[in-house]
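What follows is chain A paired twice: with chain B in the first complex and chain C in the second.
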Partner chain A sequence: MQIILDNIPLLLQGIGTTIALTVLGYAFALVLGTALAVCRVSPIPPLRWAATVYVEIFRNIPLLSLLILLAFGLPDAGVLLPYFWCGVAGLSLSGAAFVCENIRSGINTVPIGHAEAARSIGLGFFGVLRYVVLPQAFRTMVQPLVNVFIATVIGSSLCAAISVVEITYVTQQLNIASAQAVLLFLVAGALYLALSLGVAYLGRRVERAVAPGDARPLRTADRLQGAAQA
Partner chain B sequence: MSEHSPGSPSGAEPVISVRGVDKHFGDFQALKDIDLDIHRGEVVALIGASGSGKSTLCRCINRLETISAGEILIDGEPLPEEGRDLARLRSDVGMVFQSFNLFPHLRAVDNVTLGPTKVRGVSKSEATKEAMDLLARVGLTGKEHSLPAALSGGQQQRVAIARALAMKPKAMLFDEPTSALDPEVINEVLDVMTELAEAGMTMLVVTHEMGFARRVCDRVVFMDAGEIVEQGEPEQFFTAPESQRAKDFLSKILPH
Partner chain C sequence: MSTTSTSATQVLFDAPGPRGRRRILLISIVSSLAILALIALGLWQFQRNGQLAADKWLPYLRRDYIAFLGKGLMGTLEATAVAAVIAFPFGLVLALGRISRARALSAISAVWIEFFRGIPMLLVVYAFLLALPAYGVNLPRFWMLVVPMILVSSASTAEVFRAGIGAVDRGQDEASAAIGLSRGQTMRYVILPQAVRLVLPSLILALVSLLKDSTLGFVVSFNELQFQGKTMVSITRFLVQTYVVVSVIYIVLNFLLTKAAGLLERRMRRRAAEGGGRSR
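Let's turn to the complex of A and B:
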């Protein structure tokens, strides 16, 4: 226990870096992923193809490989990026592929007739998306997007492999110094758990906020629970 | 309005002019050389068996589908292929769908104001005032702030009509507007359409409501297998159809 109390400032630095990696990585993933999703549903074939290729590539590369490629491949290509930003870039590039797919499947839950009705009153591609499709799709997207956030929290631990001083890196260093792996990684695990649960809680608040009571459809799960009680 | 009946062309430009239109879905030809002029104030019933191409024709007229050949003019102007101009011109022709297609996240009044505010740039307060008037006109006073899920089918369809009217269209297309409705609410929608017709709106109505076609429409257009087979005044068409295909169709749908 002493090892932890002695290294509070280092741990706090690790926590701060983990939060920074996650928040920045997720923010860029949201922006890029939304743009990719718009491309994937756009009427312009080359944009659709480009976005599809992107998603297939970045969804299927292990995050660790991607981070190592960015950290050690970019300098070979003449781009010198601090490791922290390589971490942010890796989390963003990978997260964007998942964000894109979640938004796209959210869009697909909106009945095609709504988009046609919107077109028939004169809205263009962006108007249809912005005023009719996305507001409906957003409700079904909150949970999947929270899942991407949690994956980003957890994925940020891989940045330890490229020497970013975040929670896992700090934990490894302390373990090397003290050889108390179980205690240290239990503490690290608790920290990640706290972050993820906090985000999940916020996500539920958002979901409730975007679906006012009288507009929220009954879910299958609600029915199943009802059936179990009956 | 009988001066617009087929064979007696009026001098004025038709509001909707469909000329030599073909529509293919892959190898399948859904529309074959369709010619159809609809004049100002005219109300045309489009009837035909399932799969004959009625919906496809409506969807082509406001370019929800691209056409394979021919041209479609609205008020003498050809519709552009794609792009911003098309989006705006499309709203010159209002469309009412079988399945209502109200925007479920918006209250009735916001369904109606969306087009005017976002497409035409009308101020929110002015659009809301007009929307209230339109909703009153279709008999929905008191339901302005209901979400679609809280409205009956007939009420939803009347909101959909108000939503299309809010764009001040030159013509309205109705694709089986009452087919998804319970029998007891069909009339409330047909009544709104009748008033609209009496007020001089140019309308093309796909319908199986033969009573409505007889009472309200100036002309009946009968389609079969992607072609216009026969057209004429409702009374004449229903009592003495000329083509064998129309006779066969009517014998199936009309009570004897």
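Let's turn to the complex of A and C:
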């Protein structure tokens, strides 16, 4: 316990860095991912192709490989970023690919009739997206986008491998300096769990708030009960 | 528009008229130029720092370079395969545990799943690498990588299986109950065979995340591709080149797996649509 109390400033710094990495990485991922999704559904072929190529590359590259490339590879090409910003860049670049895919499949869940009706009353490409499709698509996107956030929280730990002083890095350093291994790792695990479960809970609240009345997904048990009553 | 439009993305814009086509062509040209300029800027930056020189890239076609990275690739595939073979059945067991009626079993499975889904794999790797040896648990490098992979993957595949079981048509449950099968028999003979088929595409995607997770061999110094790349860098000093080549190998592998999963899913959906009348 002493090791925790002695190093509270360092731990707090680690928590702060993890949160900063996650929030910044996710914010940029949302912006870039939305732009990519708009490109992917646009009528401009080069933009569609470019967005598709982007998604296929950054969805399939392991985050650690990307971080290593950004942090250790790019300095040789004259791109010198602080490791923290390499971490943010890596998380945003890979997060954006997943955000884009989720937005696109969210758009696909909106019944075509709605888009057709919007077209027929004269809305253009952006009008249809902005006033009819995206507001409805957003409901189905909440859960996947929350999952991307949780993936960003968890992915931010990989920045420890490029020496960003976040929770995992602090844990590993303190572990070397002391013999209180189990306690340290439990504390770090609890911190990550608190972050990701907390966000998952918030996401469910948001989802319930935006969901239309009957859209709550049924669990198997509920279905069986419903079947018995019917 | 040869196929009937089935998704909203296809009706966001009309088939363009002559003016629309001209505008699309114009924007296409402008955006192509912008994209090309971006790529050219990147390449110029590389060129200016001498990173595009042929003698820094051509060695990757040499047999010894390929063999060196190939050895890493074998390590990656081995770790991924072993982890998948153990983690997937384990995930199924966890899923069955979570939906079981035995409260204790269900609670333990739920806690296991939520725990390993909520913490980063790197933390688990560090626990095995740094913490456990102090308590006399000393695994070989291979298992220091693969055991965390199994722990994390079992939790996420458990959720995949649970979703698959939930997705099997309710009528199947009722029909099995009607012919007098017990809950266990229903699960074993009716639900599971269908659920496992339903989740096959998602299992391929789980394989992709395992492949990505195996890069953490970099941290435990197990000879998989990413770590082999690190070793290569320390010998040749070709930082950018090696890490780009390694990343491209991962991207190609994962791209093929993702595509396979997509194809399989589309085929299954088509089959379901064709045989819908019979199977429902």
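Convention: the second predicted complex is superposed on the first by the 210 of 230 C-alpha atoms of A that agree within 3 Å, B and C clash if a C-alpha of one lies under 4 Å from a C-alpha of the other, contacts with A are read in each partner's own complex, and residues count from 1 in each chain.
Definition applied: contacts are C-beta pairs under 8 Å (C-beta built on N, C-alpha and C of every residue); 3 or more make two chains touch, one makes a residue touch a chain.
Source: prediction; values computed, not measured.
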First, second, both or neither for A:9, with chain B first and chain C second: neither
First (chain B), second (chain C), both or neither: which does A:111 touch? both
Between chain B (first) and chain C (second), which does A:72 come into contact with in this model arrangement: first, second, both, or neither? second
First (chain B), second (chain C), both or neither touched by A:135: first
Max touched-residue count on chain A (chain B vs chain C) belongs to chain C
Does the superposition put A:119 against chain B (first), chain C (second), both, or neither? both
Using the superposition on A, tell me which residues of chain A are in contact with chain B and, in the other complex, with chain C. 43, 111, 114, 116, 119, 124
Chain A residues within the chain C interface of the complex: 40-47, 50, 56-57, 59-66, 68-69, 72-79, 104, 107-112, 114-116, 119, 124-125, 128-129, 133, 137, 150, 154-158, 160-161, 168, 171-172, 175-176, 179, 181-182, 184-185, 188-189, 192-193, 196-197, 219-220, 223-224, 227
Across the complex, what residues on chain C touch chain A? 5-14, 16, 24, 27-28, 31-32, 35, 45-46, 48-49, 51, 99, 114-115, 117-123, 126-127, 130-132, 134-135, 165-166, 170, 173-174, 208, 211-213, 215-216, 218-219, 226, 230, 233, 239-240, 243-244, 246-247, 250-251, 253-255, 258
Can you list the chain A residues touching chain B in their complex? 43, 111, 113-114, 116-124, 127, 131-132, 135-136, 214-215
Complex interface listing, chain B residues touching chain A: 62, 64, 82, 84, 87-91, 93-95, 97, 99, 101-105, 114-115, 118-120, 147, 149-150, 160, 163-164, 166-167
